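Data block below; observations after.
Chain nomenclature is as follows: A, B, C and D, assigned in order of appearance, with residue numbering initiated at 1 for each chain independently.
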Amino acid sequence: MHRFIRFSILLMGLFAASSSYSADAALEPLTTADDLGPAIEQPIEFPHNRHAGLRNPNDPSNSDPLKGGMEINCMYCHTYARRGSVAGIPPLQKCIGCHQNIESVRETPRIKKLFEYWEAKKPVPWKKVHDLPDFVRFNHERHIKRFVFQQNRPVQEVCGACHGDVKTMTVARRQKSLAMGWCVSCHEKDHVVAAAGGMPVGSQAYWYSFKKPALNGAGVAVAKGPNDCSSCHY
Amino acid sequence: MSVSNLLENWAEFRHTHPVNDVPHDPYKWAMSIDLDACTGCNACSVACYAENNIPVVGRDKFQHGQVMHWMRIERYWPEDGRDFPDQGATFLPMMCQQCEAAPCETVCPVGATNHTADGLNSQAYNRCVGSRYCSANCPFKVRYFNWYDYPTTENVWPAEMTQQLNPDITLRSKGVMEKCTFCVQRIRAGERAVKNEGRILRDGEVQTACQQVCPSGAITFGNLVDPESKVHQKWKAQRVELNADEQEKDKEEGGTDLRGYRILEELRPYPSVMYMERVRESAI
Amino acid sequence: MIDNNFDRRDFLKVLGWGGAAVALSGCGNTSVEDGKETVVSYVEVAEYVAPGISVYFNSTCAQCDAGCSISGRVREGRVLKLEGNPDSVINRGKMCGLGQAGVQHHYNPDRVREPLLRSGDKGEAITWDKAYTLIAEKLNGVSGDQIDFLTGSISGHTKALLGNYLESLSSKNHFVYEAVSPAVQRAANMKSYGMEMPRFSINKAKVVLSFGADFLGAWVSPVHFSQQYAEFRKGVDGKRGVLVQVESKMTLTGANADRWLAVRPGTEGILAMGIINALGVAGLSMPSNVQEAAKPYDKERVSKDTGVTTESIVKLAAILKERTPSLVLLGSAAEGYAHGSQNAAAINLLNQVLGNVGKTLEASAAVPFPQIAPTMGNTAALRMVNNRLADGQTKVLFTYATNPVFTSPAELKFKENMAKANFRVAFAHYLDETALQADLVLPLDSALEDWGTLVAEYQPEGVQISVQQPLMEKLHPETRGMGDILLALIKQRQPDAYKSFDDYYAYLRTAMLKNKSEFANSGMDDDVFWNGVLSSGIINVGGNLNKLNSKPDSSIKLPAPAEQDAKYPFTLIPSVTANLRDGRHANQPWLQESPDPLTTIVWDSWVEIHPKKAAELGIVEGDIIAVESKNGAINAQAYLFPGIHPDAVSIPLGRGHEAMGRYAKGYGVNPFQILDRVFDEETGELAMHETKVKLSKVGKRVIVVKDEGFAGGAQHGKKIAMTKSSDQVDLSEEV
Amino acid sequence: MKDINEDIAWAKINKDVLRSLESPRKLYWVIVFCALAAFSIAVGCEVYQYNIGMGVSNLNNPHVWGLYIATFIFWIGMSHSGTLLSAILHLMHADWRKPIYRFAEAMTTFSLMTAGLFVMVHLGRLWQFYYSLPYPNDRGLWPNFQSPLLWDAMAIFTYLSSSILFLFVGMIPDLAICRDNIHSGWRKKLYTVLALGWEGTDRQWRNFRVTYLTIACFLIPLAVSVHSIVASDFAMSQQPGWHVTSFPPYFVAGALYSGCAAIITLFIILRYVFKFEEYMTLPILKKTVRLTFAIAMVWTYLNAVEFASVWYSHDVASKEVLIQKATGPYALAWWGMIFCGSIVPLILAFKRFQTNIPVLLVTSLLLNLGMWLERWMIVAPTFSHGYYPWTWDHDQWPSWVQWGMVFGSFGWFTLLFMVFCKVFPSVSMYEVKEMVYHRSLASKKLEVSGAQESVEGAH
């Protein structure tokens, strides 16, 4: 009799503990192991590495595609990221703007294709690589403003937090799970509010949805991201 | 989220109407509707359809009471038993009252509807399982359920009309509950914009679709905790308290010349919408 | 190599069809999905156009003639929503439901998409060139006075161009027809005030006495008046305005009145005289001739004739005398009788007696450019065209922005007469009843894809020319703007005169620039000026005021109220609802589904009967009633409505289409069909309220599809919609 | 007349009961077929509703709940009888329950399974039902622990699992008998596995009794709590006509009531179908009937209490709902409930009817109808007459889809039950033996003490 009861209590305790633990374990840290999305075929196989990749010191002229990139800022092309909810694909105009002056690669198949589109005045039908469900309202502007401008972090690091190290890829490919738990894991962390060299901000009180910044152990003002359902779902 | 985490955040997760030591800050969205100005023209209702991707259900479904109008205009006749309603009718725009202690929130099994810190009664469509308990427990019956998969229903949004849909809002599919959100998409956009400037929204920077369109300006929407805001001043002038369940108006002494009241206040849902009585001329 | 000054239309290109598709999958999918959709991307783009960011363009609402200026929300090249343009003096950033439904007119799935030529009883698609040449063929050999243009109210440069075209055809037969229009009033106003449409300052009045003018619903310029009404309620100096509505069927305005007086149909004029009489009794000084004219209308007699109690007449007179200035409005309800003009005259006389002329009723400004000034329609025009068609004087008939087959009484036999013309061209958005009768249907652009200008008849201050510009690229490549079509047609006649304009846009721009000096300082650079016009969407011109005359004319001959016809005991009141008006917008689902404010009925027609009368006849809600006049019967569901005179029944206009599209066809009935052929004696306008009908149950009962529940308009003691008497409130304390 | 004839040979008992497991008669197949047909209707309806949307059920705003919830409560109610007979009476040592508790217990399990289906069917997004369970997930979300619906889900799961356990444990000795008496085929394998190597040793008997007792004790509060929680779905809401303090006891009483009625029905059917006259005897039936009558009166009383408390309260809205129930569109159903629930049971008060099979059959069916109506009358009228007059009573008559599923659920229940009766002994053999033995002892004036051992030695 008693044994029976003790046993059942033990079982319940075990369940509570294990589920609680596993739930905790389900929370991934900010920088996660990559969770690769499918490789996606694009109309033009755009080489991110060539554009955003680091320069090759031994090759100042930067002639050889295989050796290095141009270190172009992400937001030079994805210019809407700091202005709107979507980062946006640059208008064809922009690609041509540079490439009409780069004779060296003018005859390569990709660039030929590019110019075909341009002459036909048809937008390139790029495929979405990071496509969130329609009930999720992710806003690029806020994240860029928050981490690039206000906290003065390098652009590629900030973008990379969600998009992975794009400068090493050719065609971009999803690197992170982008599942809700993954977003939350970051929103629940304390982030430094403002860093040296960062854009000065007004009254801190109103910066983070209804959670006033607090001082962390080191005496630096830190704050969490918004956590209302209706911040992202409406 | 572990049990420990759950316990930590429970209060926040279950944020209900503020007790005096924890007031809303910096926002508490509220409304004031002047029935004396409202002409019942239905412009607000149409604006709501346009802004919030509300499906037009058609004759048969309307007949079955499956209409989706988040904002409905109710028409009440004077009950004085005369032959003619010779004092006209009274029109009442009725939408989700964004109650501070919302009866719908406590009963939702999955917490799909819960209270945001800025005093909205939010509805996470993708969390909803469609138990419809919230609607069952709503005193105002202002929650609307997607009885069909309207986006794919014939003649609701023919191909051409899909282009009109507002991309800022989720299109609700079969089996989820929906309701007036105080145009949360506009509020959030506004908040984002001013966050970049490190300030809070000023009065009038965010308008709900219904307020924006109302030809007679009967609807006032704004931030109740901002003393500058119209809505704050109106509530103040009518001496309506957000956290009270009986207002000056209902008390014997004073308050007799006030017009502000909240509907079904005696049930203590603490609605965020104040109505102002329609006035009728006594001299004629 | 890239030219950055590309055509403005370029960035109105529709993008992100994916966007729509995305939206449709709603919250169905629950996981991240990659590589399924295409990203919105541009070829070239203006710096201020970015995906995910809305741009607002000002244009003009074409849903009615009030000329509200709108501001359309455009995103990824798609117009999403219409909002009011705050700078417009007409609507000051506000809108009505009808106006907002304009997007559904634009995106309507039932629009005509290419020119259709009748073959048998079907239309076959043809090219525009073919259409134009066809018109040219049909026109040559036809003399000018055999060519008729039947249009709705028209203004702006379209009107100018149309005028030129008619000239080139040496035809003078431009008939402007509106089924629902205050035409009698215009004539009466001309007589009493010296102008057709003076300015009514409701906000300045302390008392507004309206004889069936539904200025909050469908009368003249409702959005503007609604705003004035709001101010009027707040009061001039804390003293809340009083609204008294006199009519036989309660309109939306009547429902908002402090006192609603149910007057026996047709006796509005008598009541007006009665009030003048009462005012005289109360000691208001007035010209002797007026006193004379009003003498026979002592309150007992008036009360007997009109059914309004002597007490209310006295009270009304008292408050009118005490609270000045007041304003007396005259609406369609008073006009729609054989003696409509007389009613109107009497009511205007009351205004003059009260000395409102010049105070709350002020002179309106004249449009400086007659060629673009509005020509407002009336029903007399229809009558004329109909006669011409009947005697075969018309060989070629053009119809534009009007649907006479639907809106004319069956007794006029317009449909049959129309068939007598050799060639019938319809400029149409939908295949409506009239378009179906045409030989050639030319598909028009929607108001949101077309250029144009609109000048409203009612101008609250100065003259506002509202500019209409495309908010997005054409939805259907084969539609054309009315302007472009007219231009093409004119070029057929006078190729050289117009060869400088390659499209209507060019014409419009040039025309505007020609009068630049009128609008702005002439020194201004053309492009600067033009861009200014486009961005503001409106041009305000001073315009000099018309001469307001306030000489009371007391020669009024009001007939005694008509005896009840034993065979047709009821007066049929075809009511005009704010949403559907004369039915041209019936195919816009938002309007069909937004409940009628007073009955909350949707998607259908109904017969309003006073509960007392219904009880006598044993009619209950939902009974299908046959409403029969001398000219036929229509069946509709009964709705017991307290706000109607027991001698009258009312059916709303606008529904009962047999064509037009999926949202209009087969919903409700069309009261136009059974109207009696009675005309106003002076103006020859169709007397809309003179139809006498009888009711009979057909023995069927349906569930009335309406928003209102079982409890109807009752609150069962719950404090929901509360009211207060004005002596218990102090508006001055309010903010 | 005796509850049971105490000189039945134990071998005969085995024989008779085992006979019920042998190849079925035609009637059995007929019943199974009908049940199957009915259930497939329900499946059809659900498939249709799942694809088209909840709208086809004719539910609307504000009538968001309908027959699904009503029938759900009905089936939950049914389940209580089993627990009453097997657990409560077990603790009370009312040994006349012994021949009939087995199928009552089965009834409990199966009606719970049926009720569970209705919860699912009712959901707008059935495919997301798991959101309402507290399971670790990467979103880091929990269900809302404030919601009575959540308590419901948990209570029902617990109740279901434990009553299955109870049913199974109670069957072990009988399964052993089956195992020993059947020599081949899948049944042999099945029983061998399920009998858990039962030998009937003293130790096994001792543990068996402890376990059985424990589960019984555990089950009783559970049974009460389950229906109290179902009641709080309504009582915890704010709506007029639902927000009633006396709902939990009222629901529990109703549950026992409908359960007993169902037992009488099944008692009569089994008795006829399996020829259990000797075990399911009339005196036992009589006792059940009396019990039912008693509970019926309790229910009637609680009903009266509810009306009274509404009537004399100042809650106008609830009063209106009550009036509208009696006079409004639901009047027929409501008076039907009063009639079937409170008037009809009076028949059971008469001795001559207490053993009259046909009368009892009809009566018990009427009682169940009444109880089903009661549940509907709890759910529906509040919607058509809530706090907000504007929304009163749009058209809300359930569509054929709803009716189809309600109808089908009976098929599903019958199906499960019939299968059970053929696979497992629906009368508890070892307990009947006990009963017979005790009775004989009692009549032979022997002291019970010695008897105990010999009983345990029985196998």
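Everything below uses one rule, namely that contacts are C-beta pairs under 8 Å (C-beta built on N, C-alpha and C of every residue); 3 or more make two chains touch, one makes a residue touch a chain.
The structure presented is a predicted model; accordingly, all values stated were derived computationally and were not measured.
**Q** Which chains, if any, touch chain C and chain D both?
**A** Under the touch definition, chain C and chain D have A, B as mutual neighbours.
**Q** Specify the chain with the shortest distance from its C-alpha centroid to the centroid of every protein C-alpha atom present.
**A** B
**Q** Which of the two pairs, B-C or A-D, is linked by more C-beta contacts?
**A** Result of the comparison of B-C and A-D: B-C.
**Q** Can you check how far apart chain B and chain C are, centre to centre, with Cα atoms defining each centre and the answer in Å?
**A** Result: the chain centres lie 32 Å from each other.
**Q** Just give me the whole-number Å value for how far the CA centre of chain A lies from that of chain D.
**A** A distance of 56 Å separates the two centres.
**Q** Counting in whole Å, what is the centre-to-centre distance of chain A and chain C, each centre being its mean C-alpha position?
**A** 53
**Q** Averaged over CA atoms, how far is the centre of chain A from the centre of chain B? Could you give it in whole Å?
**A** Comparing mean C-alpha positions, chain B is 35 Å from chain A.
**Q** Tell me, which residues of chain A touch at least two other chains?
**A** Where chain A meets two or more other chains at a single residue, that happens at 20, 23, 27, 133-135, 179, 184.
**Q** Taking each residue of chain C in turn, which ones touch at least two of the other chains?
**A** 22-23, 25-27, 30, 52, 703, 708, 714-715, 718, 720
**Q** Find every residue in chain B that makes contact with two or more other chains and list them.
**A** Those would be 1, 5, 63, 67, 72, 74, 114, 125-127, 170-171, 174, 176, 264.
**Q** Going by the touch rule set out above, what shape does the chain contact graph take here: line, ring, star, complete or other?
**A** It is complete, because no pair of chains fails to touch.
**Q** What part of chain D is in contact with chain C in the complex they form?
**A** 316, 320, 384, 387-395
**Q** What residues on chain B touch chain C, complex-wise?
**A** Residues of chain B touching chain C: 35-37, 39-43, 45-47, 49-51, 53, 56-59, 62-63, 67, 69, 72-79, 83-92, 125-126, 151-152, 155, 157-167, 170-174, 176, 209, 212-218, 230, 233-234, 237-238, 256-257, 259, 261, 263-264, 275, 277-284.
**Q** Within their complex, state which residues of chain C touch chain B.
**A** Answer in residue numbers: 14, 17, 19-28, 30, 52, 75-76, 78-84, 91, 93-97, 100-101, 103-104, 107-109, 216-217, 222-223, 226-227, 229-230, 233, 240, 242, 244-245, 250, 252-262, 312, 315-316, 319, 475, 578-579, 589-595, 597-598, 600, 602-604, 610, 612, 642-643, 662-663, 667, 703, 705, 707-708, 712-715, 718-731, 733-735.
**Q** Could you pull out which chain C residues touch chain D in their complex?
**A** 703, 708-711, 714-718, 720
**Q** Provide the residue numbers of chain B that touch chain A in the complex, in ascending order.
**A** Per the stated touch rule, the residues are 1-5, 9, 12, 25-26, 114, 116-118, 120, 122-127, 168-171, 181, 184-185, 188, 191-192, 194-200.
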